[in-house]
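Structures are listed in the sections that come next.
Below are two complexes that have chain A in common, paired first with chain B and then with chain C.
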Partner chain A sequence: MEIKLLKDGYKNIESLYEDFKADMIAENEEYFSEESVYIDQTPSFPIYIAKGSTEHKKKEFLEAFNTVTHSYLSLDRSILLSEHFWHSFLLIYKRNYIIGKYPEVLDNENKFKNIVLKKLDWENYIYKIILGAQYIADYINNEDQRQRYFGLIIDNLDLYNYIIKYEIFRNDDFLINILDIIDELGLSEILKAKIKGREDLGDDERYGRRVIFELNKSYPIVLSPMLSKDDLKDIFIEYLGYYYDVSDIKS
Partner chain B sequence: MIYKKDANFPYPILSNHAQSYVNSIFELDVDVMENNDTYRFTIKHDIGSEFIKRLIALNKAELILIIQSKDSKFYRLKEQEIEVSKSRVSLDQKTSLQLHIQALTDISFHDNQDLSQFYDQFKEDIKVNKFNLLAYSNVVTFDAPYQKPFDLFEKKLDEHMKKDIKIEVGQATINIYYRKPEYQFHTLPKSQYLNHPYIYIGLTKALQQFIMNNGEDGEVELKTVEPVSELENKLLDLMQSKMIDELTVDNIDDVIYEITDNIIEKYVRSVEEMVANGD
Partner chain C sequence: MTDINNNQWKFTSIENIEESHFDRSLERFFGMGVMGLVRENIQNSLDGYLYDDKPVIVKIKTGEMRATDVPGIDNLRERINTLEGRNNYTKETIKHMNEKIKQNRIRYMSFEDENTKGLTGAENGQTNSKSDTWGIYAYNKGFHFEEENISKEEIRGGSHGVGKIASNAASDLHAMFFSNCDDKNQKHLGGTVQLVEHWFNGQAYRSTGYFTDAQRENGLLKYYPFSNESNHPFRKDTRGLKIIIPFLREEYDDQMAIVKSVCDSFFVSILKNKLEVHINDQVINKDNLTDYVYNDQYYEQSVENMKDVFTPMYVDTYLNYPIEKDLVVESKDETYQFKLFFKYDEKISKGRTAIIRTVGMKIEDFKVNGYATKPYNAVVIGDKKADAYLKSLENESHTEISNKHINDKYLKSNATRFINNLSRAIKKHIDDAIQENNQMDGIMDTKDIIYTVERKFKNDLQKATETVRVGNGKSLRKTKGNSSKKERRNRADAETNATGDKGEKRNKRDPLKFKKAKGDGKVVDEKQRYSTYPETVERLRLDDHEILQFDFSSSKLLMGVTECDVVLAVIDGTGKEYSDEFKVDSNFTRAIDLGTGQDCRLLKNKITNVKVNNGIIKLRLDYDRKMNKSLKFIYYLEVE
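Right after this comes the complex of A and B.
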């Protein structure tokens, strides 16, 4: 179907929120540019996964990963990672879904902005889902394995967020290697734990984040995104050792 | 990460900025072509050190191409050309490319004859570890937006014509003359799309003329032609950027499909939509 794109500057139109609530955007030519894109399938999927139990969030993430994998990954990147496209798509074509699933967007404009008009970067759930789905689906063909890797991302979300925050680590090989290493060594719980007794570090420092921080610091002298899993594993354990007693971790 | 800063490395590095090598050159040049689904990058590079070149030839070091646009893609560069699906990379002003050279084993610099004099005293002791960076090139970016087929057209009004419309192949553009302003559908939404059939006719005429002027037996090998007019040069650039090698009287429609962005589909959808809306 055709997805009409909003006019540049749509975010600054004062009446946008009121018109969204009153369902008056789609009717109003004033909001639209001349541009549009065509996409075959437009199924809905969770775009905001911050509330509810761990089990609930896990279910929502899996649904989102699978829907995006099946219906959106063949789009050109210039559309798939365009904030302009997603905001237009959500505001005009997914209003009912959003209001049904996230009724709080009607309560106040901040919630609306945080759920619907959020910047498309690593903090946005759509962005997290697209990159994760693409990286896993491109490399893992077996359906059961795909579900396992999606599960690994969800179980290690804090670290995943930290990985895609850095541009260099936003990379399929690297993500899969890191997930494999965590899984093989059973490091998930350690990596998400807060670091205690290190006053020199920030308030909410976690072991996993520090390992990624160290990998970032040593780049490009050590080209970690290009390393094989086993080579990366040695370095991973070495860097974890700066903060945690790794003598019990077998490499 | 694309590496722009002049960082301090604990060992000599080859780049266009550093002074570690006598011939401190690592130049990257990239050509990009595209069709509807993929980009094809053609990579040319110039390495100013025989020592580094030899390491690559001996498989002790390798060239890595980094394409950074939204995320980072790393490619071990075995061939000069790399094809990437448009669903996996997008090209815009923020896209940048760089070559790195990575050591594949521990490398001693004792017989590196290309280092600047400064290192003569102690290059015996310099050792670069496996997986470390040996060299990084300049960064190639894509500032200029791609040429769009519509830059090929000029729309004009000529109320004195006897005919309603005239489509003429000019020196620099394809000119569409309308006798009345409303023939351009300018009062209707999506008027741009409604004019696509004229665009199609204009391209057909221009490509036919291109074949007449440049071809033999109705065929043109694009890599050998040297067109004379500005319009033909634009068409040639456009076709080559879309990886088209040959233009013939039989493949004109295929060529138009490749060099334009779904113009007929957009036209059809606009009409359907107007009918649906009762406009």
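Right after this comes the complex of A and C.
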């Protein structure tokens, strides 16, 4: 299917939101550039997963991971990680899906911007999904294992967000090692928890975030993205130990 | 109704004029110039090859002739005189035609092939038989004849059947002739002209005219070709086909462009000895192709500067860099094989892949997505199966592989898959070549990595530090040692001022840099803050403590200063600075000033009351058990 790309500066076009609501973008040539990309399949998947019960969010994430893995990962990375492409795709080709699934985008422009026109970085759900899907799918061939890792990402989403926030950790080995360590040591719940009794830290500090931040601060003295799982595990526990009593955690 | 007797040019009568413009393909082919014309005609000749072991010979001639020698010129003139333009573009074209047709001496170009079959079944005239190629070539457009032998059909050229119109586009009158001599030595002459729909003697006619005879059979009019009794340049006495374009447009009359078009599009055919081309008195064959391609009169020879035309590189790659293993590319339902030629050369600035069909014609300078500036050059040649598929992907003028003209949804997505996979297969070669040419040994020397990373880190840090500011009447001067862009601008001055001992006079930068207080510009505690350059700091890390030493002895800023505070800000792995992240009071158990042996006070992110001895600061810092020992810092000095 041909996906026509919007012309540069589309975000600044004042009428964009109104035209989106009125379904007038697709027919207005003025929005389009000369460029287009071709993709085989264009199934819809959840692009915003911030609401609902934990169970519901899990389901949505899993659906998104699987759809992206099957239908979008074969795209060239220059397209796959292009904000321009995703915004064009959503605005023009997924309008009905978006309105059906996220009717709040019609309420006000901020919601629209936050759900549809969101910058494609680590805070964007599409970005989270693509990176996760890519790292897992590239590394793991077994379908059951893939589902297990997708599940691990979903269960440790807060930590995952912090991993992909830093470009030094955007790396399949590292992500999979960390997920394995969490899984083996049963740390998921601890890492998600808020740190207590440390007024010197910020308001919403969590054990997992701090461990990732310690790893970040130590880089490149400690080249954590390149370490073997066992080496990384020792350091992981050591850093967790700065904030949490790790004497019960088996190493 | 067509007037049989008087006119050598036949136009089909119609009820009324519906379309008043020229065939759109004319303009498109005209836009492609010599290249389009040469490609179409030579490709047709290659398709009609007769012998496996002898090259097809195509003789291209340009020359002058009398307009009156053009067959049927009087009829044509009458028609052109009656044309009426309905819009500016057609008006202009018709005016141009009317001017040109008045000329007595005209230019022409011809393409004559040998060692080819020529067209067959001319004596059967207008038929629907697939084997009568004359009937198809002469009387149909947008339709190409198919070989009865499928394997031949797959490797023959044209897939859109509009190629003939490339020759019409090269004529001021949009007229072309084809002169055929078949295996029975039967000689026929045909031609087509592309006008607009027009009125002639009270009757409306279609835009396409055929230079042909006709007979009425069972009440229906059927075209039969004239047997060829014309003179040069319309004669064709050996088996094969000759295309003659009278009233050649000036833009096509360019020997150099013709030679280059032949080399650009057919270097593989020629080098494989499947084709030999004569252009007036120049001959291009397998033995001398490189004389043209490696000649700077024809082609830019410097690899670095090849940015639009890549033929010399392709030829070099094709001749010298064959790859043993075929390139295998899958579409959704098929696997195709390509012979690959691949060269890696750091000097190459634009990476292109020539996609070549089995007949040896280049289709495209294929850009692999994201790899258009990688230093490689490649030639890929499809096998018969790949050829058939490539043919279906080509655009009308055979110059690009794309899925844009495919309407069927499945075929389109299949084409996308194919193009992606082709790109991927080529990418892999490029990646491998890059890796091979930038090889690292099996065991990584991590010292190097850390060094590089640290250097990069240092560089980034230096870049990130702010430009020098002047504070509280102290004037600071940028040093030449740390040349920035601004300083470079003054280089000329600096050089003219320089005396013989300039090397020695060069100032080193001050190891300290004034740093404006954060916040809204208020000086909080009346202290000046300076950032330090990494080279002034030395850290000796031991198991449970470290020795931290600063050397500011060369700093003018610190002259006379005896005491300061040291502030630590941690730097993360991405180079970002966190000023309040690292608390000295919870990470160090003790800080001892080694200059005095006294303990220093630890307060939030500051070590306070540190003595400065002739610009030297030396501290021992004892680690807390829970301190991350792999951190790196930027240090600030605060001075009253």
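Everything that follows uses one rule, which is that the second predicted complex is superposed on the first by the 251 of 251 C-alpha atoms of A that agree within 3 Å, B and C clash if a C-alpha of one lies under 4 Å from a C-alpha of the other, contacts with A are read in each partner's own complex, and residues count from 1 in each chain.
In this text, contacts are C-beta pairs under 8 Å (C-beta built on N, C-alpha and C of every residue); 3 or more make two chains touch, one makes a residue touch a chain.
Please read all numbers here as calculations on a predicted model, not as lab measurements.
In this overlay on chain A, chain B clashes with chain C. In the superposition on chain A, contact of A:Gln41 is made with chain C only, not with chain B. In the superposition on chain A, contact is made by A:Asp200 with chain C only, not with chain B. Judged by the touch definition given at the top, the superposed model places A:Glu214 against chain C, while chain B stays out of reach. Once the two complexes are laid over each other on the shared chain, residue contacts for A:Leu73 go to chain B alone; chain C is not touched.
Of the two partner chains, both chain B and chain C are touched by A:Leu223.
Once the two complexes are laid over each other on the shared chain, residue contacts for A:Asn171 go to chain B alone; chain C is not touched.
When the shared chain is aligned, chain B comes close enough to touch A:Glu29, but chain C does not. Once the two complexes are laid over each other on the shared chain, residue contacts for A:Gly241 go to chain C alone; chain B is not touched.
In the three-chain model built by superposing on chain A, chain C overlaps with chain B at stretch 239-247, while the rest of 113-121, 185-193 or 239-247 show no clash.
Annotation: chain A residues 2, 38, 74, 76-78, 167-168, 219-223 touch chain B in one complex and chain C in the other. The touching residues of chain C, when paired with chain A in their complex, are 369-370, 403-404, 409, 412-413, 416-417, 419-420, 423, 446, 449-450, 453-454, 457, 570-574, 581, 583, 586, 626-628, 630-632. Across the complex, chain A is touched by residues 1, 3, 9-10, 64, 68-74, 76, 86-92, 100, 102, 131-133, 136, 189-190, 192, 262, 265, 269, 273 of chain B. Against chain C, the residues of chain A that register as touching in their complex are 1-2, 38-41, 74, 76-78, 166-168, 200, 213-223, 239, 241-242. Chain A makes touch with chain B in their complex at residues 2, 29, 34, 38, 73-78, 80-81, 131, 134, 138, 164, 167-171, 173, 219-223, 225-227, 231.
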